[in-house]
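In what follows, structures are represented as structure tokens.
The same chain A turns up in both complexes below, where it pairs with chain B and then with chain C.
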Partner chain A sequence: MKVTDLVVAASIVALALLLSYAMFLGGIGPVPVRSELRTLALNYILLTYNPVKVVYSALAPEGVTAIVWDYRGLDTYFETAVMFLAIISVVALTHGCKVRIGLGKGGMSLIVKTTTRVLMPLIVLAGISITMHGWLTPGGGFQGGATIAVATVLALVTYSIDTLAKHGIRKRVLLAMRSTGLIGIALTAVALLIIGLAIGVNAYIFQNQKRIGSPLAFPAYFSGTPTGGSLLFYNLFEAFAVSAGLSLAIIVTSLREKEVKETLRGEGVE
Partner chain B sequence: MIDLIAALLMAVAAVTSIVFTYLAVVEKNLVQAVVFSAVQSTMYALIYFLLMAPDIVLVYLPVGVGIYPAIVLLLIKKTDKVDE
Partner chain C sequence: MNELIIPYLLTVVFVSFVINLVIALYGIFARPTLVKKIIALTIFSDSLNSLAIFVGYRVVSGRVPAPPVVVNYTSPQGPAQLAKVAVDPLPQALVLTAIVIGLAVTLFMVKVTMQVHRVYGTTSVRKLERIEYVNKEEKSEGVVE
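What follows is the complex of A and B.
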């Protein structure tokens, strides 16, 4: 490392510190007082789990999940759709490429493989736990799904893409899982609307609990534990969609040159 | 007192993340640059944790330390390891 590098790094740090000091002194704009809670935040905190005012409540103790999937459900739906489109385009780039077994060396040493075999179920379990407690503690579908996808990354690096293909973790299966997750989210969003249309009662898109003018609701408790109503289904399907989607992106990126080139030249097309 | 310690830890993490971002930008060896970038992600995760945003931490750790470096490393493997 050269002296100039150090000087540049030190000056960037100094600039950041000076800027934050100026901000602290109020030089850039007024600093919000810490003790004061904005009305919007206060409303969310008071209403997220409020059995007395059910018409305004999500009946889930975890505020972030309640906001993400209940109060702001449509936003999250379109975010998921955007990620789905990104993954679809990655898959479209390598359309028709097939994993050819026996191209690679077969992964890392036995020690690494054994350690991974012990670790992988734990990572998947942690992911499922994060998902299934999403409406009670911090976490949720995206977090759990991303954690599960890390297990796929680990398997891909220590074993090989061949082993994954042999065990049935293929592009088509993952794409089907991804689509199932997205369709599940869409169906959960309109489930109460469909029931409402069938029995002739008012209902809304992304409705969770009873709302003003609509008596329909998802079950809010399961054997005494809050389920957050629709949040349970959203989290489950989102975990499905995200774990499959990220695994798919990783698997497509790790396709080997030979497999892709063969398809591009028109040899060995499915 | 605890507030002060949290603020100090956040300041240290933020400054460290700046240094590692700079290193990731100037580093010629791309594999090392990815590792620097992962360290920066870890620092950000620590800051989010201290700002009491555990939901973001749970997204940031698998994505910032697991999946993103993995994808970039896979892509580097297909090209040159050193940026010229």
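What follows is the complex of A and C.
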């Protein structure tokens, strides 16, 4: 580390401290951190689990998941679509690259491999647990799915891309899993609408519980525990899609240099 | 003492986020390497996400503010009790999706940078500029009538 780096870092820290002191003392005053909730936030917290006012409630104790998949569900749907477009672009960039099995003996030492073998199921389990408590505790489909994807990354680093392909974690399988998750989310979003059309009752897209003018609802309890209605399905499918999608993107990013270069030059076998 | 220290520290946090944003912007614009641009961009988005979380923060006197989760949902007073101590859930919900999208988009940018390196042998924007220039010259020679 050079002396100039240290000086730059120290001066940036000093700038932050002095600037905030000036703001604190000066006319602007301290940053306006609230001691009261905004009305919108108050509404969300009071209504996220409210069996009395079911028509405004998601019946899920976790406020963030309720907002993500119920109150602002359509937003999240299209945000998820953006994410999967990015993953599809990553896959499209390596279109035609094939993993040749049996090329590398690769992988790390036996100690690392054994540790990974012990750790991987635990990571997957933790991811499933985060997903399946998404409507009760902080967490949900995104977080659980990302946690499960970590297991793939670990396997990819300690073993090799060959081993993953041998065990069935291939591009096509992951793409199919990802698409299943997305279709599941879309079907959950219109499930009550389809039922409503079939039996001639009014219903809305992204409907979870009873709403004004619509008596249809997802089951809100499972043996006495709240399930958040549709949030259960959204979280499940989202975890499915996110874990497969991120694993796919990471596998595609770590393809062997030789094979990708062959494809780029047009020598690859389709 | 506490009444003075806590607002000052919160101001420090806010100003640090802003300075972080500025440094990240400098990195995006001034560094020639694509890899460093991507790193700066992730720093930028992370600072912005933290700033959004900070906007949803609230000071609760006498204790740490609680996450927006109704723990005591069996009692009818549960949500009302939570509303006294909880932080704003909306910025958290918005940041949640932003993080996951950011991860996917970063992966995409990394992949593009890898392809650029494979094809041109460099990730420096300045060198890439020159490569494009040479190619243009070759093309224009072929098109001249």
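Basically, the second predicted complex is superposed on the first by the 248 of 270 C-alpha atoms of A that agree within 3 Å, B and C clash if a C-alpha of one lies under 4 Å from a C-alpha of the other, contacts with A are read in each partner's own complex, and residues count from 1 in each chain.
By definition in this document, a contact is a pair of C-beta atoms (placed from the backbone, for glycine too) under 8 Å apart; a residue touches a chain by one contact, two chains touch by 3 or more.
All figures in this text were calculated on a predicted structure; none of them were measured in a lab.
Model built by superposing both complexes on chain A: chain B and chain C fit together without a clash. In the superposed pair of complexes, A:130 makes contact with chain B only, with no contact to chain C. When the two structures are aligned on the shared chain, A:195 is found in touch with neither chain B nor chain C. By the document's definition of touching, both partners, chain B and chain C, reach A:253.
More chain A residues lie in contact with C than with the other chain of the pair chain B and chain C. After overlaying the two complexes on the shared chain, residue contacts for A:5 are found with chain B alone; chain C is out of touch. By the document's definition of touching, of the two partners only chain C reaches A:61; chain B does not. Look at A:146: by the touch rule set out above, it reaches both chain B and chain C.
In the superposition on chain A, contact of A:157 is made with chain B only, not with chain C. Shared-chain residue A:17: touches chain B and chain C both. Superposition on chain A places chain B within reach of chain C only down to 5 Å, the least C-alpha distance between them. Shared contact residues of chain A with chain B and chain C: 12, 16-17, 20, 64, 138, 140, 142-143, 146, 246, 249-250, 253, 257.
Interface residues of chain A facing chain C in the complex, by the touch rule stated above, are 12, 15-17, 19-21, 23-24, 30-31, 33-38, 40-42, 44-50, 52, 61-64, 67-68, 72, 75-76, 79-80, 82-84, 86-87, 89-90, 93-94, 136-138, 140, 142-143, 146, 226, 242, 245-246, 249-250, 252-253, 257, 260-261, 264. Residues of chain A that touch chain B in their complex: 5, 8-9, 12-13, 16-17, 20, 64-65, 130, 138-140, 142-143, 146-147, 149-150, 153, 156-157, 246, 249-250, 253-254, 257.
Here chain C touches chain A in the complex through residues 7-8, 10-12, 14-16, 19, 23, 56-61, 67-71, 73, 76, 78-80, 82-83, 86, 88-90, 92-93, 96-101, 103-105, 107-108, 110-112, 114-115, 118-119, going by the rule given at the top.
By the touch criterion stated above, chain B contacts chain A in their complex at residues 11, 14-15, 18-19, 22-23, 26, 54-55, 57-59, 62-63, 66-67, 70-71, 74-75, 78.
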